Amino acid sequence: MAGTTALGIVSLPLAGFLFSGLLRNKLPKNIIGAVSSLSILGSFILAGTLLFNMPQNESKSFIINYFDWIVTDNFRISFSLQIDPLSELMVLIITGIGFLIHVYSIGYMHEDEGFGKFFSYLNLFVFFMLLLVMGGNLLVTFIGWEGVGLCSFLLIGFWYKNPAYNAAARKAFVMNRIGDLGLLTGMFLILYTFGTLNYNDFLGKIDADTNAILVTAIAICLFIGAVGKSAQLPLYTWLPDAMAGPTPVSALIHAATMVTAGVYLCSRCHVLFDNSVFAQNLVTYIGIATSLLAGIIGLKQSDIKKVLAYSTVSQLGLMFVAVGTGAYGVAMFHITTHAFFKALLFLTSGSVIHGMQGEQNMLKMGGLRKLMPVTWLFMLIGSLAIAGIPPFAGFFSKDQILAAAFAKSPVLFGLAFVASMITTFYMFRLMFLTFANNFRGDEHTKEHVHESPMVMLLPLGVLAVLSIIGGFLSVPEILGGQNKFIAFISPVVGVLPHHEISHSIEMMMMAAAVGGALLFIGLAFYVYRVTKMVPTDNVNELNPISKLAYNKFYIDELYDAIIVKPIKVASYAFYEFVEKYVIDFVVNTVGKLALFVGAAIRLLQTGNVSFYLFAMVISIMVFLVLQGFVFN
Amino acid sequence: MFDFLEKSSNIPIEYYMWLSGILFSIGVMGVLMRRNVIIMLMSIELMLNAVNLLFIAFATFLNDPKGQVFVFFIMLVAAAEVTVGLAILTLIYRNTKSVDIDFLKKLKG
Amino acid sequence: MITLLLILLPAVLGSVNFLLKGKMSNIWTLLVAILELSVTGFVLLNFNPAEGYQFVWDYWWIPTLGWAWSFGIDGLGMVMLLLTNIVVFLIALFNFDKNDERQHAKNALVLIMQAALNGVFTAADPILFYIFWELALIPVYFLSAMWGGQNRIKATLKFFIYTVAGSLFMLLALLIAINKGYYFNLLDGFPELMLGRTGEFWVFWGIFIAFAIKIPIFPLHSWQPDTYTESSTTGTMLLSGVMLKMGLFGLIRWLLPVAPHAALFYSKTIIIAAIVGVLYASIIAIKQNHIKKILAFSSMAHVGMIAAVFFTGSISGWQGGVFQMFTHGINVVALFLVADILMRQTGVADIRRMGGIASLQPTLAILFFILILSSVGLPLTDSFVGEFLMLGGLYSWKMWAMILAGTSVIFSAVYLFRLYQKTMFGTTSEYAVQVKQVSWNEYMVLGICCGLSLFLGIFPNALMQISNPVIADIVNQIQG
């Protein structure tokens, strides 16, 4: 029963993909859009039915093996799906938010001639993402892992006539693949040590006695995969470039779902991290470093989508901080709330861009509050949520991350606190630059600015509501709640680490976080609303630190110099020099040698008969001598 | 008269070998050093006859008739070879108007 | 008996092509190819993977020398036969609407090649193997030299001499093995030759050089890019699709069983050379612009990994390698077909001059993309299964080998996606606007290849169950 449901959940988006893909030029746009969206809704409903039938067995999971996929003499890997609280949670997020974004896209992509193609790609993406989270072993997850990378490529480069977009798409795929190599190494480490890739099987065999180096190695390898997929240092530069894709893509893939795959994987395999302090520290450091770096860069960006992209990277960093401190449940909770408000933010920015006829530069916006009031309201809700103002969703999840950080080390808490404040500041910078004061664009655009159609506003509304109330899924104890969410997934991800913090300190932290956020909102208000400062778009006027931030710390240029250029040079060198002069040199020398020897011997053929006779005589004499004296 | 035969069979075999060797060498020198094709053919005949002489000498010396039989074969082959050689020589002369071997260099590689 | 039929049928019926002309010969060739494929199918249905050699034909040829006419089909041979006959069928289908100069000769050569290839894969006597090996070279030489690019004479001459030189070493080594060791015939079971250290050394290197040139393994590869580029598409398809698999097949069938100790001793060197070759080819492919050259280097990268895996001694690695031989054969044939379509219809070979074809030919774009994905090794395509098992095999040997070979996975994404984006995406170039509808038979070929790719990606066992038992057997005996 659960088996068919699981299969249904995964198959509906696949069917939608085939439907939209094959019939995209034959049916009217609305039907394509509707069918695609309904297939996702169908999956959501099916997942919902599972929610009330959660497995109660010992491992708290249903595992359904469909058929043997790869069978060799050494091992046997089957195609299996796993239903447990963690996968159920991810499925609900993916299909729920996916459905909303599909509906939104019907409006957003309405003018586009690749409408059907877009929806088929979106459905394919959902299919792969579901495989990723529902996979019962690492290899099925890997199918989804690579598959979402593929769909990301297709969707980033959706408007494929533009070479810059194509380059961004390729960059995303290649960087993902670098991470995938780490994931593959981890998979082989697991496969050849434990003989299986099934989660329940190998995770159960790891405990404090297992070889520490092995556990650390596996954890790091899996984390490398996560770094690639979830855009952490050093493999994060693809995410801002990925903003080349249509905004719904950015919302779905690069905010709510695909990028969370890394956090998901680490949470599912948390046993590895629990038993390796080194790996946990690594995760924490990379997470916090990424969070701060991305935040600083986001402070100086003027493209509205780029700000949100860096914000995503930064929030993902905080999720990894949670993972690193052992608070996997909190990380998953933040994934959920982040999905709500980040999707909301991206989609509202999409509304803004749509209304601005495609303009994405905030320097040309302003005063949109009066022109697009509903959009303004939604974006405000999203911004408050991400800033962590209660009772919005972000407050509850972020606060628990900060608590977990504090439990590990006060310095870590301080850094995470700074990252949160930076987040608040640039989000409201975005708000004020876009919506406050007066319009800075040209008259022509101003006339056409309009509020989005209902089909786009409805999903926004749902997301806004979720951003407001979503936090109440898991109210921490000190505020009187029961942490229901955390309880829900703790069978899979384990209980939260025991905090040594007293209640009073925790209350103080909360107050500090909220207070700090309000302070920075006020600061942003002052700078951008009151003094009406507009960031310059002339790079030379910035002070050195701002210049660094504006130029993304030149990290793209760095990668280009130390990786891309050398490989290109090597490629050229290999082909022009090694192929032609070293290897062919040897081969051609052999040929030339044959010719040379031939030319030398040819000198014997003088054409002179006397010489031939002479040679014959000499040879006979030599033979006779040899025969007579040398060979007795 | 019969003591002539006796005396001649008392000639030591080395004399015959020396004679045969010198005749053979003269023949080889002739083939290698002379430019005239006719002289070369005659030198080849000389070489063959030198070998004939040696065979007969040894046949007598060893009292074995096989040597003399072999001489017949050699004389047969010599005759055939001279025939063909002279025929070729005639054609060469007709084509190049000379019997100088240095003019036959068309097979130079 | 059936085995002999598989070999003689295309040879005899193929020669009939010399009497036909143009389109008639195309139809005839396609019929022969389908017939051959059905015979293969019949063999497949009656095949039992658990048994050893089946469909055996074994008669003495020269008893004093120990040579025999011995043919047999076991699991490994079955997979290769399937590959050969499917590829030739695809080629016949591809050529169906072509009418080049001396088309009938081309078709005849393709079928004769098929006969020779079938012989290579079923021969159980070493000298017989050698004969068919050399025989297979001749049709390909003509296919490359008579129809092809500008510089084809020079390229094919180099290819021919290089390959023959290698084969001579192999002949020498085989003769040494037969005479110095003991006569061996695979039908009698695993050849356990007591060759002694020096004997095995010479035999191993002699045979290995021939295969290393054929596959090719760095650094004996320099004939490959030029030959693949300058040869006609039919020739390239046969070369890359099946002929190079002869080399890989020879590794596991003839080289490693005959000289296992030497193989073990030199395995590190050879694996390193192969992996270097993989990386070398992948890096070069990144900056190439001639569409066929990119595919040639890509092919070299893929098969280099297969060659490396065969020296690791891992059973699952070997099974993945054999599976990958099949998938690579099908994929590369389809990719070269696409390259041929693009080159013919745009008139240029430089991918920088193409562009934006996806908007003109969406179906071609989709099929091409599926093939690219298969080459890149995306899960759910067949190449992924092979690649996964091979990397696992390399890992079980040494982890650094796996990581090094694994970087080729990253590079392949770079150059293959670059190829696809430069030809299909971007603005439509002046050359690209000429691209017309692809003909139905070419669509069929591409469709079959894409379908096979996805089918085998999801159900690899359909193929692997044929070869797995035999491979396990061979590995166990080599290590024993």
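Order as written gives the chain letters A, B and C; numbering starts at 1 within each chain.
Convention: contacts are C-beta pairs under 8 Å (C-beta built on N, C-alpha and C of every residue); 3 or more make two chains touch, one makes a residue touch a chain.
Remember, it's a predicted structure, so these values are computed and weren't measured experimentally.
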If you take the chains that touch subunit A and keep only those that also touch subunit C, what is left?
none
Central chain of the complex, centres being mean CA coordinates
C
Using mean CA coordinates as chain centres, what's the subunit A-subunit C distance in Å?
37
If you average the CA atoms of subunit A and of subunit B, how many Å lie between those two points?
99
Inter-centroid spacing, subunit C versus subunit B (mean Cα positions, whole Å):
66
Parts of subunit A lying in touch with subunit B, wherever the complex brings them together:
602, 604-610, 613-614, 617
Looking at the complex, which residues from subunit B come into contact with subunit A?
28, 31-33, 35, 101-102, 104-109
Subunit A partner contacts - residues on subunit C that touch it in the complex:
158, 161-162, 219, 221-223, 225, 280, 283-288, 314-316, 319-320, 356, 358-359, 373, 378-380, 384-385, 388-389, 391-392, 395-396, 399, 402-403, 406-407, 409-410, 413-414, 417-418, 421, 424-427, 458-461, 464-465, 468, 472
Hey, which residues of subunit A end up touching subunit C in the complex?
67-75, 139, 142-143, 146-147, 150, 153, 157, 160-161, 163, 166, 169-170, 173-174, 177-178, 180-181, 184-185, 188-189, 191-192, 567-568, 570-572, 574-575, 578-579, 583-584, 586-587, 591
